[in-house]
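Note sheet for the following structure.
A, B and C label the chains in the order they appear, each numbered from 1.
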Amino acid sequence: MTKTAGCCQGCLHYVFDYETPKTLVIPSIRVGFVFRFTQFLVVLYVVGYVCVVQKAYQETDSVLSTVTTKVKGFAFTNTSDADPRFWDVADYVVPPQVSNIRFVFTANTHKLNLPNPSTSCVDDCDCIEGYSDPRGNGILTGLCENYSTTVKTCEVISWCPLEIDTKLPEHALLAAAENFTVLIKNSITYPKFNVHRRNILPHINSSYLKRCEFNRTTDPDCPIFRLKHIVSEAGEEFQDMAVKGGILGIIIDWSCDLDWWARKCNPQYSFRRLDNKNPANNVAPGFNFRFAKYYKTPDGEETRTLIKAYGIRFDVVVHGTAGKFGIVPTVVNLGAALTFLSLVPVVADWVMLTCMGKRDLYKKHKITHLNEVADTETVISFLLQMNIFPKYRFSASLISNDRPENVLFVDP
Amino acid sequence: MTKTAGCCQGCLHYVFDYETPKTLVIPSIRVGFVFRFTQFLVVLYVVGYVCVVQKAYQETDSVLSTVTTKVKGFAFTNTSDADPRFWDVADYVVPPQVSNIRFVFTANTHKLNLPNPSTSCVDDCDCIEGYSDPRGNGILTGLCENYSTTVKTCEVISWCPLEIDTKLPEHALLAAAENFTVLIKNSITYPKFNVHRRNILPHINSSYLKRCEFNRTTDPDCPIFRLKHIVSEAGEEFQDMAVKGGILGIIIDWSCDLDWWARKCNPQYSFRRLDNKNPANNVAPGFNFRFAKYYKTPDGEETRTLIKAYGIRFDVVVHGTAGKFGIVPTVVNLGAALTFLSLVPVVADWVMLTCMGKRDLYKKHKITHLNEVADTETVISFLLQMNIFPKYRFSASLISNDRPENVLFVDP
Amino acid sequence: MTKTAGCCQGCLHYVFDYETPKTLVIPSIRVGFVFRFTQFLVVLYVVGYVCVVQKAYQETDSVLSTVTTKVKGFAFTNTSDADPRFWDVADYVVPPQVSNIRFVFTANTHKLNLPNPSTSCVDDCDCIEGYSDPRGNGILTGLCENYSTTVKTCEVISWCPLEIDTKLPEHALLAAAENFTVLIKNSITYPKFNVHRRNILPHINSSYLKRCEFNRTTDPDCPIFRLKHIVSEAGEEFQDMAVKGGILGIIIDWSCDLDWWARKCNPQYSFRRLDNKNPANNVAPGFNFRFAKYYKTPDGEETRTLIKAYGIRFDVVVHGTAGKFGIVPTVVNLGAALTFLSLVPVVADWVMLTCMGKRDLYKKHKITHLNEVADTETVISFLLQMNIFPKYRFSASLISNDRPENVLFVDP
């Protein structure tokens, strides 16, 4: 029983005995200053940089967004190569459905029937039947026909007339497009924080929306953009861009700080050309595509009008990150900071033991060198104590001396 | 040679001498308890919150997804302002191609020819030729024509008849659309973990898919949704929404825990209206767009049917984060936790040196105050020792003294 | 005044006194080795794994991208169930607008008029008027008509002729599609680092782009892909896939290391089939959709050509993460590492105090056990000092003794 009690007490000691390092207090203003200053630097970094600048105490989420756009505007075209025509949104916006990609086409190509050098030939042998070059005009029939009195070309199966897209239109068909406006409705979500926002801010009312137009300085919150304005903000010239076509990014930045003391979560608009203007390494410069309208002639035969549309595509690119105070990132960053705080003494010790004048004194008291000699010394000191004790005993015996007049401090 | 040996031994000592703090064991149950309890709290936080709740030991990746949808359903319309017509998917789904945005249009507007107040005029001077208000009806010809006996309006170039979209249809054209079903096929990828999933789960077979319909309670895994059900889950009324149109988000949450002990990675469906119902700050409420079908009359003239489609757009929004055990985040969080563990002694020391009864005793043994006095004292003690030694010698001689009356302390 | 001075000095001491642990140096090569080796392991992990492998010192950003694609190629079809026809991009690419989803349709279904078993009936009672099964053929009129001499079916309102999609085409209509090429232009942005890249790399020139074709070994940077090649790289057979249709992912990985010493940021192309081939749990296998072309007959009646297009959809999936040196992640990971370094002494101490031969000696010098006995001892030593002092005083008095022979150390 005493055994168990002892063991129990032992483990009790094992668990609850508190082991704390012995410390030495050094009243040196200089060492103390080095210590406090290094601490101060670390704290400064943590508070100033990690918290204020980087907001590392926040956990983040990235944005989910849906976009709808609505283009408005009219144009009337009357060019040599096309009939006079009135255009409204249903005509020039492809595709009709509302998505985050709008296309406003601004130019058509002339369709002429010129020989394609790649298909020029001398006789039928040059034309492999059924062969089709994906970059060519059609499927070779195998015949080499007179194209003109001078040139012979391989006959191809294709829609007639052949379309030649080497010659670019010298001007944009829908020059008026620069005054078209596009309304962008963007609703975003930060699923982790269950936050929903719209780019039509609460303080905006319908009457304002009916007349406003985006302007970075005067109307930064108006979601209605004039095409010309967008293009010029992207550093491009609308008419130039309209001829060859291009892709223009309407970038909406939804970076949010959702902490209650910040609460700012508004969209920032910016505009940038996304396609490559550089002609050096570029295939199919600008931006264009072909689409066809199909008709049936009264006698049931199918015909089509092929339109090669050069235009400006507007991509609405929505991005952003929301940050909100989170325990885990806070703890992690605080932990890292504390670790560096725990390094400060190392620095201070180093300074103390190398740069200070009294370093030897400090070293003597701080560091004990354990070695065999030390051990013997301790042994010796033990023995000395053994020697000293008799002396005490002696004086004691002295005190118990039989001759009272010899007693200490007695005055007869 | 001995020199090098010495130096070598020196650096050997420098490298391999192990410096360990001297410690003091305090057998105080209370201090020990404080120490252990604080430790326990930290460990509890780490295990309980960081690991179990936040799964901070995981590295994460965000989802890549592709979606295909397929709408099914029929409708027959017989309204005053349109011919009787049968509608199937090819008719009411715009655009045809399968993407993650489906549009089912449900209402057309009447097309009447009413004057637009903005264009009412008194004489030609009020109509600037060629001017076009993007929000108007067309391009002014510059003439002010009698619109009715009372009203004069500016003549505009435009498609005829003029479309007036101020008057909303009082009922949805395709009321039957509420019974249409949409099949959503969604395949996702977590590239970092090379994980691929589909929303048609392995345990689902074709026969089930042929007859099932999504229901949160009975068929939570069926990827076929009835439009009416979706809208009602989003807290809207289908018929109301169908008239003005709107955007409905089908949100698929693919949050996954890929650790072998968890292995759960199933889609969660939720539905939410994404556009702004609030009429207060809203332009073009609901959701609609115009598109045209083009025809050629037998005499080759192009005509079109303009359709202003009010409808419900379904956006399939896929989001999610996958987590899997990662060494780096684990180490980082463990490190942070350990840092806090290393703070526990600070707490315990503070308690020990301030709140305990024996604090002075503890302080005396734990902390050594190094100061000039202490130094001098040590010096003094050295000197004393010098003094003391003769005394010892003397007393020794004394002991061997033969003349007792000459013994010290005797006064004759 | 002295008071304030004293207090001031006190707080000065409080702030600037530096408390450093007393340490014990143990010249044991084995303990030292254990210590250094454990340190080495931790450093190895940090440098090797965290920095080199995981690049945990980087802050990351995910990619924003826009894609344009351009398909080229021709086909000529002459099948029993369709008129001879020539196809170019405007015909087989749906939708026309350029987005990151291209659809090339490759097969049409036959349209026959077969009874749908679900609608077979005995008499009118079996046919509920107005009822429409979303998965059926149309809206029931309520009449049960002779479909053939043997079978009676419910009459339905629908477009004529009825389309039956149970019978799949036995061969792809546009077999030639396998030789079509698609040009992918992809421009990405890492907003956080303000980095913009294009998949047409600077060293590529136009002439190369005009003739090149993607090949993983010879032309890894050419953005022009031959459909057949894509499909085969995805481990599929084009002709098989073309019949039933399918979705093919063109995955572009833009993982970038933006640190100045790395500077690598090129796209990596890979291809994978995204839809589910597995017939077991699959509804509407492959990939297809219906779209219609609308015509008006000379007498103004609207007709349509319904096309059920089986085809291969190409989804361009762009993903990637850019990493760049960041102070916060560096500090966090360094902090975690240092924490583990601060654990090393614990290990070394444990080894020292349990496995070493001289553990008792080490323990004796390292750890002081504070207990009551120790306290009493200290008390005793105090008392002894009290005893010793009079002796000193005495000897002092002795020295001032007038009897020289009684002076210490004098032998008469």
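Things to note:
Here, contacts are C-beta pairs under 8 Å (C-beta built on N, C-alpha and C of every residue); 3 or more make two chains touch, one makes a residue touch a chain.
The model shown is predicted, which means the values in this text are computed figures rather than measured ones.
Common partners of chain B and chain C, by the touch rule above, are A. For the self-contact between chain A and chain B, the two sides draw on mostly distinct residue numbers; the shared fraction is below half. Here the spacing of chain A and chain B, counted between their Cα centres, is 14 Å. Residue positions of chain C with contacts to 2 or more other chains are 19, 21-27, 62, 95, 295, 298, 332, 335-336, 338-339, 342, 365, 367-368, 391, 394.
By the touch criterion stated above, chain B contacts chain A in their complex at residues 19, 21-29, 31-33, 35-36, 49-50, 54, 56, 62, 94-95, 101, 103, 132, 134-136, 138-139, 157-159, 247, 249, 251, 253, 274-276, 279-284, 287, 289-292, 294-296, 298, 304, 306, 313, 315, 317, 319, 332-333, 335-340, 342-343, 345, 348-349, 352, 365-371, 375, 392, 395, 399, 407, 409-411.
Across the interface of their complex, chain A is touched by residues 12-13, 15-27, 62, 64, 66, 68, 70, 72-76, 86, 88-91, 95-99, 176, 179-181, 183, 185, 187, 189, 191, 198, 200-206, 209-210, 293, 295, 298, 327-328, 331-332, 334-336, 338-339, 342, 361-362, 365, 367-368, 384, 387, 391, 394 of chain C.
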